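Next, two complexes with subunit A in common: one pairs it with subunit B, the other with subunit C.
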Partner chain A sequence: MQLSEHDISLQRLFAENRELIEKDAAPGVNAAREGAMEAFSKLGIPSSKVEAYKYTNLQAWFKAGYTQAYGLNGATSEALKQFECNVHELDSYTLFTVNGKFVAGSNVEALPDGVEAGSFAELSKKYPELLKRYYGSLAKVEEDGFVALNTLFATDGIFIYVPKGKVVEKPIQVVNVLTGEQDLMVNQRNLIVVEEQAQARVLFCDHTMSMSRFVVNTVTEGHVAESAMLDFYNLQNQHNGTVQVGAYHFDQAARSLLNANYFTLHTGVARNNIFSRLGGPHAENHISGLYVIDKNQHVDNFSFINHAVPDCESNELFKGVMDDASTGAFTGRILVAPDAQRTNAYQSNNNLLLTENAKMNTRPQLEIYADDVKCSHGATVGQLDENAMFYLRARGISKEEANILLMYAFAYEVIEKIQVPALKEQIRELVEKRFRGELDKCDSCVVCGQLGTGRAKSE
Partner chain B sequence: MASEQDKLLEEVTNREYQYGFHSDIDMDVLPKGLNEEVIREISRRKQEPEFMLEFRLDAYRKWLQMESPDWAHLKIPKIDFQDIIYYAAPKKKPQLNSMDEVDPELRATFDKLGIPLDEQKILAGVAVDAIIDSVSVKTTFRETLAEKGIIFCSFSEAAREYPDLVKKYLGTVVPSGDNFFAALNSAVFSDGSFVFIPKGVRCPMELSSYFRINTMNTGQFERTLIVAEDDSYVSYLEGCTAPMRDENQLHAAVVEIVTLDRAEVKYSTVQNWYPGNKEGKGGIYNFVTKRGICKGDYSKISWTQVETGSAITWKYPSCVLMGNNTVGEFYSVALTNNYQQADTGTKMIHLGKNTRSLIVSKGISAGKSQNSYRGLVKVSKKADNARNFSQCDSLLLGDKCGAHTFPYLEINNPSAKVEHEATTSKIGEDQIFYCNQRGIDTEDAVGLIVNGYVKEVINQLPMEFAVEAQKLLQISLEGSVG
Partner chain C sequence: MLKIRNLHAKIEGKEILRGIDLDVKAGEIHAIMGPNGSGKSTLASVLAGNEAFEVVEGSVEFNGKDLLDLSPEDRAREGFFLSFQYPVEIPGVSMTNFMRTALNEQKKYRGEAALSASDFLKLMRDRKQLVDIDSDLTNRSVNEGFSGGEKKKNEIFQMAMLDPKLAILDETDSGLDIDALRIVANGVNKLRRPDNATILITHYQRLLDHIVPDFVHVLYKGKIVKSAGKELAYELEKNGYDWIKQEME
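What follows is the complex of A and B.
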């Protein structure tokens, strides 16, 4: 493939700053850069001609010329004080990153013995054997230009390690903040390892605090070992000038359970690459997502569930509401490998289009190489049910209120899947506010809301 | 039960292609290879008007710039396009009026296939435009149809006798540069059928064209054009069988359909070309571009296909719903066995207001085959109140095969209602058990269940086709799995 000018500028950027990038990183992370460079010079940033990126062209944004977050760029933990992303009554361990760098943790000392949650840069040096075993094992540089780019520039992020048999009751909340006066590119790298019979709940909140343009390319690799359990939540609430590519690669061993939920409430351009590999029998995977977008926002959820072994089960549900001139895209690919018998895989994608300028592209795909399977997928694009609307109107409910009620009911199916009651309540509230258009006034978790809608720079 | 299944499966997979024979008829062939001179020669031999040659050469130049598509879920061996004969015609080019004048061997070929070319078929009410390789040999019922003003003839004849009509519609639905294989077809197409139904005429009989690929290494490049004027109706049948052959053969056909106001065209296909032997050797490559355009308001195009043959099938009969209140339908049964590969589906492009489309696709895979559904439903911004429902089911018989679904839904209008459903499963043991319990043996039970499974599609076929289709399915299906 011919590399574009932008791709070459990124390569040059790496060559020029290599020393700076490699300075604080673990040897294992640095060792992977050569391969990443090689892969990136083959792949580049994918154009919309690449089938997986058919509905989202990101080439325009990924180039040199942004400030790179090698250092902290002046952001301190002091700045975070005003942030206080306190999920109401959510008693959690909290980690903060600013522009992709780990800055502080609160309450982390209370984590059970042996459980680690903190800076990727530091912990990857502390646990070289974990890094060696897991780093880049799921997010392969040769498969995606963005993974290659991330591996090339990765310095810091979040590292969570839950050793065998440990149960972390309270959620570990990771608050990813983007801030600064200059336009910024961030390549954040996260690693989550949950060992045998261990349990953890992890919540990633993505926020913006200033109005600069942020171009984010984050890669998260998660390993869920035998009989382990991981609840993973991603809540994206960023201003319109944000372009984020988030890759979430999970690997599950036998009898493990993964619940993953992706909420995109506000963003500029968002692309989620969600990969789950069911690698041991009787593993269970539940993923769901909700995207509520307006203005000219764009959200593309690309998911790939790989049933590599027999007797696994997966459930996938993505729902979206598109307002104004926003565009949504969904790809859900389910692969059932040869001999992965007795697989149950279900997938569903439902969308509401509210205006004539809103668009939705959806591709639910099944690829099945075994015969004793039960697989289904469904996709719908439509509007609110007229009968339901009539029912509500006939009972004296105003049109606006009925609209909100029905949209909320539509979204609730996804919210319902959240396993942490306090978090469920919080997101429920956020979504309701979102539908009421009140998100801007929200003073809690959604700082970006104040800067978002309309007032932020947008394309 | 497992061993019984294996036995049945073996029995079915061992069944040889029963239409495999090769008839020796004198052929007039051009040398292998493709260049501008070959195209000029094809055009000259067919005594085509100038505009046809222009069309071909334009397509050829576009084709040279294109690359063979690789996006389908298929493994296509590299095709050497210079190793193909692009023109083969029976030497005795008959302009015949009675059956007696037809080459006896040719007739025997048809008899073996049971093609209704002789007198008794008149009673069956089928007009047949029989095609051996590339030249239309015999057309029956011409006079009956002519009375109504219906034109049903070979494409080359149409190009000579009705150049205005051909010129007006050729390439309007599938442009010469549409895709790699359509471009190739546009450049070298040898013959095909042309149907024209004038205003207000309801075609009194099913029009049928049987295809047969003959002669070693002949690429078959059919071109069919159907035009239905205002308030007209026609049902067109296309059926294919081909003799057993070791080398792969390429078939790149193009079908274009145009419907004007309130017209309706029903296009049915039963495709049973040689699928290759048990090891996956040989077999036809079926790369077809079929597309219809509902140009006039309230018009309707309905595709029905039963695909059982071919080593590789790459085929997406599509509807462009341009007029308001138009309807597009697609019913498909695709069956693959042994090493067959199929990537088939449809495209429904909603452009007009209040347009509706329905997709029912039933895939059945057995042996080591791969069967994919690939479809697009696109609702453009101005297509208010568009409605689509898609149902794509896959049935797996055996654990070495694959069934895949790749639907694309692109919705740009909020008043659209689009639904897609797909399921993949095998025949349930409980279903078999239920039948066994009632004294139906496993083989019959499977037949029963599969029949029920495809019923929705088979029901759409005209009577005589439905019978043939069921027979074809039986060959590969009955008792393959319990």
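What follows is the complex of A and C.
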């Protein structure tokens, strides 16, 4: 295909800054840039003509001309002073990234022996064998222009390593902060490795702290080894000048368990690429999402569950509440390989449209090549239940309050999926605030205590 | 308390109520009986403010206010209560949250302070005993997975919580076994006071064995065609509605 002017500007940007980008990166990370360069020259940033990006055209945003995160010097402790991070409300190990760069947090030294959670730039150098084995093994540059772009520019992010048999009970909370006076592009790279029989709970909180435009392209690869468990949560609460593409690629070995939950409570344009490969028998995953959007916000959850072997189970539940002229998309691709017998795969996507201008595109895509499988999928787009509404009002509850109760009732099923009780309670509160329209008025995020940026300028 | 005059109402263009007149005073219990399709449930829905029905003529005065002019929530806040024939299941809304919200919104409307958490829980406990409802049910989502009988008991529990001035029980007895019927009836009797009133909509005499009405009305083709004392209910039980239909035609 022909590259766009923007794509060429990004190629040139890389060529001109390659030395700076590669200066502090691990050799393995730099080596991967060759393939990324070649892939990007073929793919570029996908237009909406690319089937997977049909409902979200991101080409306009991804171009040179923004300040680039790799060129920033951190400037981090200053930025974090604004943080009234009441993180101990949620008893967790806390890490930060500021504009994609790692910043030390608190309590991390208390992690169990041998467990690492820190800078991708540092730890990828400390663990070259892990990097070699896992880096780019799931997020393949030749399959998506955004992965190629990220691999080209990646310098830092988060690296989490939970060695065999280690159990990290408390959540590892990663607060991703975007800030600064200039419009900014960030290519953050994260790697999570959970080895055999190990367990970890990881929470990514994505926030904006200034009103600049942020164009974000994050890639996270997560490996869940045999009989291991990973609980992964992503909470997005960003102003509506944010454009974020988040790729989350998971690979699961036999008898492993993955719970991945995506909460998009406020954003500008959000695209989640959620890939999960069930690669060993009796692996199981539960992938869910809740998006609550209004104004002109846009959320596109694209998921691909790959049942590569027999006897696995996947459960997928995405729900959306959409107000004003917000738009959304959901793609649920499920692939059951020819010999993946006794597969159980369940998927549903339910949407509540509060206005006539809100719009949702939902498409289940099941490809089943085995014959002994149980698969189901369902997609609904609807309005609030009028009978329930009348029932509540007949008890003296105002229309507004009944609305909030019913929206919450619609969403609660996803919140119920949260495995960490304290986190569940905090996200529940946050969602309720969102429904009350109090989220951007609230002083801080109840989960990590981050100060709000106020109502963003409308797009 | 309630004055209905010449009430006409339609649904989807079809006239169901064709001139209802009814007076209910404080302290009274009225029973409205009638064959299927006579408009009993429509009357209950119209009074509660269900927007599916269109009032085309007539007036309803409730404690001096124009009831038809009020939103459903304001009717409830003024002390009107409907026990639904088919209570709605609302997964995700807990009974506790539902009742706390309803009660506090009603209090706010009347300019009263909200109940403290402990007073609210005390009230819940107290009212649960009144209708002998399983503690477990109030910890669940509104009506979700409740049996038919549990749903009806839950309606009476809500009535007990909200303490209305006028309650309409729309076929609260249907689908109840004899024990549940007794519990529901007991609840209603215990809530009876000289300053409140109840309208029972029912098909069967058996509820009226437990809750003794002061007046019995027969609704037929959208009009009240006969009103009398409780003896009318026995007569209907014995002879059915045919003799009334014959009288009418």
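FYI, the second predicted complex is superposed on the first by the 435 of 459 C-alpha atoms of A that agree within 3 Å, B and C clash if a C-alpha of one lies under 4 Å from a C-alpha of the other, contacts with A are read in each partner's own complex, and residues count from 1 in each chain.
Simple rule for what comes next: contacts are C-beta pairs under 8 Å (C-beta built on N, C-alpha and C of every residue); 3 or more make two chains touch, one makes a residue touch a chain.
The shown structure was predicted, so the numbers you read here are calculated from the model rather than taken from an experiment.
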Touching partner for A:Lys374 - first (subunit B), second (subunit C), both, neither: first
Which partner chains sit in contact with A:Glu413 here, subunit B, subunit C, both or neither? Use first/second/both/neither. second
With both complexes overlaid on chain A, does A:Asn387 touch subunit B (first), subunit C (second), both or neither? second
Per-residue touch tally on subunit A - higher for subunit B or for subunit C: B
Between subunit B (first) and subunit C (second), which, if any, makes contact with A:Lys132: first, second, both or neither? neither
Which of the residues in subunit C come into contact with subunit A in the complex? 48-51, 71-73, 75-77, 82, 84, 87-88, 90-93, 97-98, 101-103, 105-106, 109, 141-142, 158, 162
State the interface residues of subunit A toward subunit C in the complex, per the touch definition above. 385, 387-388, 390-399, 401, 405-406, 408-413
Which subunit B residues qualify as touching subunit A in the complex? 71, 73, 381, 394, 396-426, 481
In the complex, subunit A residues that touch subunit B: 51, 338-339, 341, 351, 353-383
